[in-house]
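The first chain written gets the first letter, and so on, giving A, B, C and D; residue counts start at 1 in each chain.
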């Protein structure tokens, strides 16, 4: 099948395929270049970026769990000023649209980040992280309250005219209400799910393994929860949903698409298999051909009752 | 650039030999990796299940350019290493590499001292053989809890290496830790050009302390749990103190070999 | 070490050890008798019981996920009247305390179930399931609203004078508030976590695998989330916490105990290894001996800062 | 009663032979299990990782009482069956059993008809050999998509069995499905005492329909994903219609062999 069967437009961003490199798992897009051409992605979302540089959490920052990974990076990043000065100019080398994932500690920080990125040509859009489980202030607390999410997204929307994606957490309990609030406030798309807060205890040392005590769970362990979240949210909102959580292979990506994802993001799987975007594209094409579809778009939400 | 490019390899396991208690040497046919230097590592996938999920990093233990082989030296500590120890020749391994930086400065007036704790031997054996081949002077110090946890004499003899052993139970060589042995050597007036150390973090901290006391530069090869191993995830960092400022550096990409003096051991 | 190092008293129930067979995974306690003596448990919680008999959900009811299991049994059970008439009398054969897990569709159903079980000698206590993800009415919806939980537990408390355990879900988002509400209303102990709602899609059939579309995730995939929940809840309340979620071996049970569990429940692991209660008891004793403790009680919450 | 009691066994794999494409016969040394009857199954753990997590059910394919062996016949369809197919003799398997009920009524006037679809052969082979040993008449019908997916003639010959084969591509035996073959036989006036069937659910539904038309009782052995396999979790149920009422029965404990007439196929 020709490549065009995977072309996608999400929140006004034209992408060669519906695969997105998930924030925090692909650096600024350059680290995997020796393994695979970054242009094979539909889009890349860079590491969570904050107003001021952040040192991040003390190590250990990672611990493996059954079919999952807990991370507590703590949004280590050099800050928006550094990004704009040094990283921005190199982004066009990547050969695909690049989105910036932003995280603030206050509503005003989110607004200022959005304003600083408004009109920046090299950046195709924003992903607003209201759901990072690894920062003390801001982060998760914003993401659980639909009223606060509405207010936050309104402010970002005023400050930023480009494509705006809001990234949701499943921890809210009421993910559908939060999704509706974000959409009402002007989000062009939603991405979900972020990692879920977890903990592993070192029984020999009798304390949590991670330097930050808790971390965010990603990887296949999470996948059934993420598919369910996409299923629920995509039926409640009319904007496109970018699904993610434990996608390792084409079959997993198909689950998300059939559940209602217009695009899928891939994080942890890159650590296991850097060729994953290419393999999934190939797998999607094969599935389309084998099952008589001409474009992946026809599959979106097809597992829903009545489709 | 495409998958199975420069850094992604499927290699055949050519030989697997038990060299000490719970410790195995693997030889992989991997001509594309024979340009690797001592200190570098590969990131290896053990099996296709999602449990264990992540790849595992292993130092390159030796490169046999003629045979087109790289060697690994693996101590069984958990599921991935135990799965690797059960492989049979002919098995195919999926690995990423060579990754990371290398031990610096191979040519110097005085002998270098290579200090290995346990499986820390893996990269220092490679460094030692390279120095031997280049005619550069060095001493190899190797410590372990018991004699049986260290490879036997033949393992070293056939490589032309004469390590000084230290065992805590005194069953082979010096009785004590490899740090005690190093201390004795430095106290006795030896003045190596530099120390290359690899082993558990507490051991490295003590080696760096000794280096400071005796004014010998120390290079350490650090271990850390890794996810990406290419610098993308910021998961493997270790704290450093640079000009009095705390800084986290990626073991996979900025290391694994670091200037020991800058490592901020007290922080951990 | 002698067996007495594992003796426990939870909510006034005296147990030989802190291991509890989790509700829904051990039938009425009799099914595993050919494999292992039920008396090896500290206590057994029987299948969720409702006022009226329930047919349960259409098959398929199970699907495996990475390191996890999704189930959608839908509380199939013969109802409380059958239980009282036919099953109750056989419970003493089991040789350990037996608790009944109750689930209602309305507050009043919970109250009536509690009243029917009040004073029933063969039943050591109640576990109030306010968190089953597999029933349409009641179930999860109760468990997310602290005010409703308070009201529900008050009514059950009035109707039932014996040991009362309330079973929480992580889906609430605000599990700590729900825990506090249950405790204020008179719960003698809390058990957590129940399964979390998830979904798997059959990409060939292009519809959810489970007959009920969604199911509840259990097993090791969940464990880091459950340990974190125990960590948070046990610091917020003063009643004992029974931790569960993916415990497969002694080390996992220790994680929960060190995080703050006074007892641990085991569900999915029985399916994989029916000898699990015995193996975990042995492992706990070995750990106590190796680390110089005399009773497992000394370990509860020991991983917390300042312990 | 204690672990490793009546129902929990660690057995050594004695032999593993490929008998058809993607299909393997395993012989396990398991004297404690040789009392098993046709229709019963074991619940088997393939590996110690948590992925795959659950045990897997497999019919007992034959019991060799003299050798103290039970046999399994396994088709590779996913991770567990593929791991099993890669085992080597000497490997130890952890299994629970014998579980479930058995095919009923072994002695009857007319010949029974044993109808197997694909790997449904596993328990019916056992039933067939038992009937042979007991001198009871029967016909064994076996269907598959292609000839290569079914065991070769030698597999049956050495057991004294003469199955009637049906393949959809016509490469061996009757051209068509095993249900088509059964239909032909019934249409031609044959009147078996009863039909024992095992295979995919759609096939079983069609066999039950034929049984109704020709007034032959049908016993079906059902498949289902199982968690506990002992009746505790209610996860493996299949719908039945008993006196017009829908009822869910546990395949593991109430079955796997059921009265075909009562199965509520339309519901699924």
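Please note the rule applied: a residue touches a chain if its C-beta (ideal position, glycine included) is under 8 Å from a C-beta of that chain, and two chains touch if they have at least 3 such contacts.
Just so you know, these numbers come straight off a predicted model, no measurement behind them.
Listed by label, the chains that touch chain B and also chain C are A, D.
Taking the CA centroid of chain B as reference, the farthest chain centroid is that of D. Averaged C-alpha coordinates give centres for chain C and chain D that are 36 Å from one another. Separating the CA-averaged centres of chain A and chain C is a span of 34 Å.
Taking each chain's centre as the mean of its C-alpha atoms, chain A lies 46 Å from chain D. In chain A, the positions touching at least two other chains are 66-68, 219-221.
Multi-chain contact residues of chain B (touching two or more other chains): 50-52. If you sketch which chains touch which, every chain touches every other chain without exception. Residue ranges on chain C touching chain D, taken from their complex, read 24-27, 31-37, 47, 55-56, 58-64, 66-69, 71, 73, 76, 219-221, 248, 268, 270-275, 278-279.
The touching residues of chain C, counted against chain B in their complex, run 66-67, 220. Chain D meets chain C in the complex at residues 1-8, 45, 50-55, 96, 224-239, 246-248, 253, 267-268.
Across the complex, chain D is touched by residues 49-52, 79 of chain B. Every residue of chain C that touches chain A in the complex is listed here, in rising order: 65-68, 70, 144, 171-174, 196-201, 203, 206-208, 213-215, 217, 219-225, 227-228, 231, 246, 251, 254-255, 258-259, 287, 299, 302-303.
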